[in-house]
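Same chain, two partners: subunit A is paired with subunit B first, then with subunit C.
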Partner chain A sequence: MKKLHNLSLPAEAVSLFFFNSKMLLMRMMQYRFNFIMGLLVAFGFSALGPLAQFMLYSNSNGYPGWNWDQILLFQAVLLLVNGLTDILFGSVRGTIDTLMERGEFDRMLLRPYPPLMMLLTSGFKPYGLGTVVVGTAGMLWSVIRIGVPAGLTGFVFFFIFLLARILLQAGVHILYCFFTVRWIYPMRLGEITDKILAYGNYPMEIYPIVLRTLFTTALPFAIACYWPAKALLGPVSWTAFTALGGTILFVLVTVLLWKHQLKSYVSGGG
Partner chain B sequence: MNTNYVVETKGLGKSFKVASRSGAGFGAALKAFFKPEYKTVEAVVNVNFKLPEGEIRALIGPNGAGKSTLIKILCGVLHPTSGELNCLGVEPWKERLDYVRKIGAVFGQKTQLMWDLPASDSFLLNKKIYKISEDTYKRSLEYFKDKFALSDVLERPVRSLSLGERMKCELVAALLHEPALVFLDEPTIGMDILAKETVRRFVHDVNKDKKVSFILTTHDLGDVENLCKRITVINSGNIVFDKNMDDLRFAYGGSKLLSVRFTQPMDVKKIKDALEVSEDGMSAVWELPGHMDSYGSVIAKLTNEYPVADITIKNPEIETIIHDLYTAKK
Partner chain C sequence: MIFPTMVLMGLKRIFRYPWGLLMSLVIDPFILILNIFLFKTLFSYSGKADIAGYSLEAMVWYYACVQFIWYWIWNFTDRNVGQRIISGDFTLDLIRPVSLFTFELSRAVSLRLSGIVFEFIPSIILYSIFVPYPLMTFTTIFQFCISAGIAFFMFYAMNFLIGLLGNYLQNTDALQAVKHIIIATLGGSLIPLEFFPDALTNVLIRLPFASLFHWPLRFFLGMGNGWGEFLTQSVTSLCWLGVFLLINVLLWKRAVRRFAGFGG
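Our next item is the complex of A and B:
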């Protein structure tokens, strides 16, 4: 019975995510002006992003081994994955910060679901939608211009690496939650993880071989944007799957850390 | 542990390792930074506690007595470091996910309602999370709406509700999934007397109608007097009293106050052994032992000696009794 319950958890998590997202939208719509302005700014900012990239790369040498169309594809994929991870997990940090600061994390433990699931399914942030739209449009435009040399397999690998990227982001947020519950005030941890993750925003070719190996194994940031874009541009090498394995391992480690931390959780006073 | 009780604990204990710093100031902070020191705090010590089905039990104690830690253990939020525990047939912290479906919790100073939305939307979230069937949800909601005149309240954003209205919604949110056991932590804190009465009636009626067991922690002894027959007092992590309210009055009641109003002004000097006499000589108060078999002889003596218009015997204030209990040495 318990095993059946566990098996149904992923489906329940998806359902709960949509329900929580609907609730968040309802809450945001209570403040009309703020909501509309937020959406407009998010769309405007996302639309200006590719323009800024165009100006940057048209006046520079770009990335070694990447032509202009490929760079545009890379940037579009980057926008798409950033938008998607923002939509899915954009509010997780704010939620855990608030719960710990107010001493309300106990509330998560009084819900009939694993607290990690409750946290990750309350991560919806609608402002990432603009980034997703612009990223998707840019990607389609690039694909139409240069095609998909790897064909259908390219798309399949693209989606696999995209899912892995989302999984990597989940792992990063689990790690953040772990440190927040452990330290209450993780100070600039969010900033630090963002900075580290930003290494995945560039083609691996720009890094020396040592870092490239590190980013495709123990710290699998290559999965962030490089391999999804590469999958569309041609056959992927075996190192891509090392990054995939590294991602799964990374997430498993963060889940174990979280579970360990939860066992020693002492709650607030009063 | 096999038990017929909703909650039963045997020798339950919980200790914490907490950071400890010797002295104040930057030097002490620096020393603690490089060489942190810890001490072990025994928050709950050898607690034996039983709650029969359908009872409203008061769990009271001074600040820092261990009430919250005990409640958190009983809720499954914390695990005990020693002893045995059985709540609704399970060990809460081991089978937390299944256990929390059967309990409800209201923390007076913290809300589970979404501030920006009407309470009815928060109820929908609970319906989803607790997998409440449509029939049960409708039935429960109708019961609460009818019983506690909630129709208007449920459709307004929570932020615009009064404290009393919000607390009623908190209670509904905690009860919608029909839990067998509900933890109430300071449910009437900050409320005016009317709102308190409403919340107390709410708890009383739900207990009577739905046979829900409640564990009530509060500093408002009015809640205890109005709702609970039995009281458990915890101090320094130990249970120091666990009996009926009448037993509490008997054991810690001390003396009673007998007030007499006279038919005419009395000469103050002629009133014997009184605790106090009014300036106009129209009334006096005597202190009597708390455990006399009968007060009839005392009353007869007074009516013989003085022109008595009215007599009142007052029990000691519950606050006084609890104060004595809190300050009594173990």
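Our next item is the complex of A and C:
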């Protein structure tokens, strides 16, 4: 790990992420049956969302402005982004929860890297891989069926929004860490963040115009899935880019909150 | 009379973290608003008065009730027992005067008592104010409480069973995830079982998982066929509970014989 100190901070973060991931994989491989079963179970979990959507869709006329193929694409993109964020940050909550419950957070402060960097780079969760595989396969299948009307630009925008979604998830986890350090035992805070983010799991057309405008711009829930899917389905409007701005602003605010909380943190140990 | 004392101790521990208890007052409005928008759109776009027998209000309340049932049944027993086996703390549980089953049950009861008081009751008031449900009566709430109470014990017995399987699998994390998938699809927490094809629905409603969500939800929504169906289903659920408890007893005996602890 010595050579890491010669790199810039982002590069160090990437190296640290891979190092932590490798260590976690080695630990998980000690329980091989559980690990393999966990990967298989991830496929099952991935199927739940599309199954619910299919049942709702087949018993109604679906959502306005979205046909069945487009909804499938939407679901596939949702699985892909959820899988990716799970792989990158899936263990962050568990890590901070354990550190705070056991009073071990102080150790983080003694390490050579910023605590937030340590936390975010320890988020690897391999079970998200199954979701990514299912999401990618579903996306490719949908793209083959309906094409990409926006062409290459559509793919470029798709990847930009995908990165923004990952950034948004990082912000959500920073916020979670902030509250956990503040409250020590957050109980169902993870559920709250999941429920709030669930607003991005549906086409924005289900919301009234005021909320739709808010979610597609300043409160960037639409970045979760709507804009990435829309980018593949056709040219996106300028409002999509205000959602990008909203995402960056949100992450900056969460980082400021974290720094503020860290200053007022008082250790329970001696 | 040690059990009530253990429950009281559990409650004291939970009350040390007051913020967590108030979380539901934040979570539930989010779920409520999302479901209202979602189902209003689905209903208005389809032009139907009901979907698979569920009206707009019933669909909104269905997913509210899924959350209510979690307030009644959720516990960490599978995780707790599994971790005790991995860490070796299971050895200490074997020499305690109170069985691990009773100890974990007291923790689960504490957790759910606080859940009912601080989550279920405020949430049901909140929902009733914003989306009044015409079929909700004291009878439906009573039937719901009884069936959700049975569901609590059944979920606890399932969780304890999964935890005990740690003696054979070492790590039960994946098995816990499998349980969630099964409950979501076969129990009715993901989507009402009536949305599946009729032949499949007829099978699913007879499985034990339906006792966790499907039946309590039906009774709450006033979709049950009177007291006759309620009594029949309650007895059926109790029989399934008996089966799970019996498996737990048998597995516990085998697990204790198999388990080896070191120390001293």
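In the analysis below, the second predicted complex is superposed on the first by the 248 of 270 C-alpha atoms of A that agree within 3 Å, B and C clash if a C-alpha of one lies under 4 Å from a C-alpha of the other, contacts with A are read in each partner's own complex, and residues count from 1 in each chain.
Rule of thumb we're sticking to: contacts are C-beta pairs under 8 Å (C-beta built on N, C-alpha and C of every residue); 3 or more make two chains touch, one makes a residue touch a chain.
Since this is a predicted model, take the numbers as computed values, not measurements.
Look at A:Tyr202: by the touch rule set out above, it reaches subunit C but stays clear of subunit B. Legend: residue contacts after superposition of the two complexes on their common chain; A:Gly151 is shown touching neither subunit B nor subunit C. Annotation for subunit A, partner touching more residues between subunit B and subunit C: C. Once the two complexes are overlaid on the shared chain, A:Phe33 sits against subunit C while remaining clear of subunit B.
By the touch criterion defined above, A:Pro112 lies against subunit B but remains apart from subunit C after alignment on the C-alpha atoms of chain A. With both structures placed on the common chain, the touch criterion links A:Ser60 to subunit C but leaves subunit B unconnected. In the superposition on chain A, A:Ile192 contacts subunit C only, with no contact to subunit B. Common to the subunit B and subunit C contact sets on subunit A are residues 31.
Every residue of subunit C that touches subunit A in the complex is listed here, in rising order: 16-17, 19-21, 23-24, 26-27, 30-31, 34, 37-38, 40-43, 45-48, 51-52, 169-175, 177-178, 180-181, 184-185, 190-191, 195-196. Remark: subunit B residues 16, 63-64, 68, 72, 75-79, 96-98, 100-101, 103, 105, 110, 112, 114, 116-117, 121, 125, 128-130, 157 touch subunit A in the complex.
Put simply, subunit A touches subunit C in their complex at residues 31, 33-35, 37-38, 40-42, 44-45, 48, 51-52, 55-56, 59-64, 183-189, 191-192, 195-196, 198-199, 202, 205-208, 211.
Residue ranges on subunit A touching subunit B, taken from their complex, read 5, 15-16, 19-20, 23, 26-27, 30-31, 102-104, 106-107, 109-114, 263, 265-267, 269-270.
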